[in-house]
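After this come two complexes, each holding chain A, first together with chain B and then together with chain C.
Then we have the complex of A and B:
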């Protein structure tokens, strides 16, 4: 059928046989899983045995765009890549912004599913309906910038959009990501390594077919209304986020006393001012740049013009770089964080995984668990900026013994090292966490623990924890208690709701920063804009149900792998090691409270409290009877 | 006689979000959002941080008009807009070849050349741009926004300097 909003086609690329085929987008999938992340998750669950090795040809690598991608819907420039993850050994996905997703959609594809593995390096060239696997042996070994330049030159068009892997992905290092538009990383879960295992270097696209809109006038009205609510609602947020982007969080968290410092040990950093969003804007940011259809432009184009890191440049430097390579590693040299970010982009390494892995190595070095023998002579003392950059390079190329170690990511490396090194790997389900400290952000903490792709703040990002009024909490979450910043009650329900609505945002492929603290944007905007765009009637209840369905499909994949309640906890550090200074001195996350919140969360989800397994009743309510049957056969269906 | 207005593009303020292309495509095609259907295009050189909206600048003495063999292109007396008469256009694409900015494209469905027509005096791209990177301003005052921006640094420095000198005031 012909669609509005969606492109209507799933592209299937068998890399083993070199065969390409098209499949019409099933209407059931569109209406029940929305798009992007939702489509990908469903395809992964249905088509990939959860117990295959992440690097085997049986794993599939799925790229997805949402109904809003490539349209005027504000902040709708995102795309998702999904596969079984080599870092969590369970469900994995990652998403990114930039302009590549829109190009994929304009070329006419909702999903691209890669199956099998190529014998020799290849890249996929998509020129609308013309789809072709091309030799990539001349690109193998190039960094992501060189690769993008080379492909554009090859086709004689500098406006072609390219998503690719760098040396990190080729070398199958766990922290490898997929980079689009030179600087946009789909970071989580080692997706770049899966792409490398398939010897797929890049996907280059020129798309001109566009997206059809069912009701153009209503659509433009809905879009403009959304932007108006955003701009007039929380003006401080709009202005400052547009101006600084996420680097503004360095000083916000420092002032509060929860800026992750020294591998998550402390909440204040003596060099925070040097790393602030203001300093960054003042010294290095030359221009603001936006992802596709963005109304914020949080991203800064930066150039370091002098000093040892002169020449470092790129775009989209944000808090995970300035804080991650900064306070988290005890490093107050802002220019070096810019250089590290550029290097990661070129190598194709995820910033969060990278900064955490280096942080882990630094703490092990301090504790004497890693010595200069294991680091091949590299001095991994806190704040050694030169060593940080060298570590990234060795990680990407698996150079020497230390490079091999870092290439595993902190979680797996800590198991190899032993000697208590596991204690310093700050990971959940093997995945590194975004820079928000659960000790003082409790709903965020519970969100981290129960995320379906391992330690990750974006699965939940419960901004409402401090933004919603008690009345709003009562209305949307079902309990006003959730608005008590330092109470546990209601947090389980809040997190479940947030995860469902965030699954919707990811499936629309919209940026979560668009929503933040304004309930009207969460509740009224998506159904209104989707109805005008797709021509189908959408309601808030239906949309929220889609989000819950998507979350349960991902959860079921993890249950099949063998993950359960025991895996939904945080690293011990957050329960047991209080901050020793700052406004939050003494703060930890009390484990007994976390347990209570976890119970409440499972109850809200209709999952078994003891095992966390989904129950038949809830799965059937969500139209997932076949998943209930499969889990029952494995003896992993939750007890009602 | 009213004021003349002109389209002004400011690459420094353009963040490259491409919303102008999309609204243009939607308005001109009726129901499709595609860069190929837009009459404005944002070009990027990502690693240099460059974004530039490329669009017809409505030349005062346009070559496209001069080369048109069937006189389908004219300059509107009142608005200064360079317009293609779609009924007269024979789709020969001479105007495309002549335009130094590549601002004219070919519509493969209707077999005619198409370009920006300033939306009849209320350009949708201008309305959509949140940051003022495309403006439709009085011709005689067109340089003013740029002048004002050039002043911003001096302005900020002056305020800072004055404050540090200030006492309580009265």
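Then we have the complex of A and C:
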């Protein structure tokens, strides 16, 4: 079948046998799972036994682009990589921007599914229709920047786009990620480690085919209309985010009292101003760059020119770096956060997992659970920037006893250390959380708890909780009460809606920042643009239903692994340890309220309140009868 | 401009700005706060926080920008602030349109209460 929007081909690479084959994209998959994340999730559910070891050859590693990837659609350069996760031991995926996704699409592929594992290091070279596995033994051991340069040199083409792993992925450390375009990390869930376990060093692509559009004029109109709604309807966001990028969140979240500080103990940081987006722009950002087709260009190209971190440079310095290596670690030295970000990119380490793991180690050090004996002499006191950088290096190379410990990520490391260290691992389902403190942002808390890939802010990212007016909340979600960020009522509905619509954004492979504070964009933009792009008629209701279907497929994978309601709670710190300072001094999220919100959430999802398992009725409504049958066989179908 | 003209303008403005059904109690609270004097979003929030589920600075910023689009408030200056990264905030004043909208919203409110 000839497709518009989608490339129409799934590429299958058997790394064990060294065989490559092409499979036409099934129409059912396209129309019911949209693309990218949706395709990957469905393939993982259907083809991977949830109980295999994440590092076994039976696990699959799936890269996906969406129908919008590589088109004029704003912020459409994203791609998703999916596998069973070594950090959560359950469903895992990660998503990145940049230009690599567009190149994959232009080469003619919606998905690349890696099966098995190579005996020796290899990389996949794609030059449109020419696809081959190449020896990568000369690349093994190189960092991600060196790898990218070496591959480009090998092919004599500086425009080739490369996604690869660094030493972290090769060494199978849990915080390892996949890096594309030098600085764009698909960070969550240890996808870099799964890639390392398959001895797949890189995927290098030259794509020249473009994307076919069904109705070009309507498509351009839809794109222009979307940009206009963003520019006028969300003027504050459009102007400020373009200028500062995500580092703007340092002061935004400081104002809201939810800037994670000292490993999530507090919600305000005395050094926040030094870490702010404004300071970053003044001191280190030299120019702004953008992912494919982005209207914001949020991505700061930074250079540290003097001082102990002179030479640190890179692109896409984000709040997760400035806040994560900053307030979360009690560190007000902005230049050191830039240096840490550069090092993580080169090593191929996820910033969130890394900063949380180092934060955990610092708190354990403060409490005497880890001493200089366990840290191999490293002084892990709060704010010790030198120690932060050294810890990252040791983590990547599993160097010494401390490096081995950090390589497990905070969740697994805390279990090995014991002595109460688990209390300081701020993780959900084994996954570290994005940088928003739920004590004063309750929908974010519920979103973290119920995310299908563990403690993750992006599965939900309910920006509307503090950006939509109560009137917008009433109209689009059904209750103005969800606007009260300290109230539980309406939060279940809000989070379920957000998770469904975010699954759509991830499957279109669009950046979530495009939609952030303007509800009209969530509702009006996707059906218009998809209809013009693909030639099929899409409605908002159908699209939202696709998002719900994707979420249920991921949930079902986790149910098969054995996860349930008990795993949907936050770390105890957020219920029991109030802030001791700042405008929200005393704030906690009362557990009984979280429970009520969780009930409301399961009700909104049509899942069993007691177990959280999906029910037959809801699964069948979503066209997932076969999943209902499988869960029933396992005795894990939710009660109506 | 007479009152009838303003109503007509407001209705069509609201429609053309895609704000139908989205102007309500939040905007009433903001307009009545501005009726007492020109303010920044931070100052408005200080006065109305906790009412009608308003619990964040950005809800106020967003509602103020909506009011600006339908010419119910206008910027009359800027003030340095600790609140935002930008370090500076617009000061807003209520306009004739805004006063009219405020009256309409107050009437609507007392009707719904009676």
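Criterion: the second predicted complex is superposed on the first by the 638 of 640 C-alpha atoms of A that agree within 3 Å, B and C clash if a C-alpha of one lies under 4 Å from a C-alpha of the other, contacts with A are read in each partner's own complex, and residues count from 1 in each chain.
What we mean here is this: contacts are C-beta pairs under 8 Å (C-beta built on N, C-alpha and C of every residue); 3 or more make two chains touch, one makes a residue touch a chain.
Because the structure is a prediction, the values reported are computed rather than measured.
The superposition on chain A brings chain B alongside chain C with room for both. By the touch criterion stated above, A:636 is placed in contact with neither chain B nor chain C. By the document's definition of touching, of the two partners only chain B reaches A:210; chain C does not. After overlaying the two complexes on the shared chain, residue contacts for A:618 are found with neither chain B nor chain C. Touch criterion met: A:481 reaches chain C, while chain B stays clear of it.
When the two structures are aligned on the shared chain, A:276 is found in touch with chain C, with no touch to chain B. Judged by the touch definition given at the top, the superposed model places A:248 against chain C, while chain B stays out of reach. Taking every C-alpha of chain B against every C-alpha of chain C after the fit on chain A, the minimum distance is 12 Å. On chain C, the positions that touch chain A within their shared complex are 17-18, 21-27, 52-59, 61-63, 65-66, 69, 83-87. Across the complex, chain C is touched by residues 229, 232-236, 240, 243-244, 247-248, 250-252, 255-256, 276-278, 465-475, 480-487, 517, 520 of chain A. The residues of chain A lying in touch with chain B in their complex are 4, 70-72, 99, 102, 106, 145, 158-159, 181-183, 207-214, 216, 219-220, 227, 286-295, 297, 301, 303, 313-315. For chain B in complex with chain A, the residues that touch the partner chain are 12, 15-19, 22-23, 25-26, 29-37, 43-47, 49, 51, 128, 130-131.
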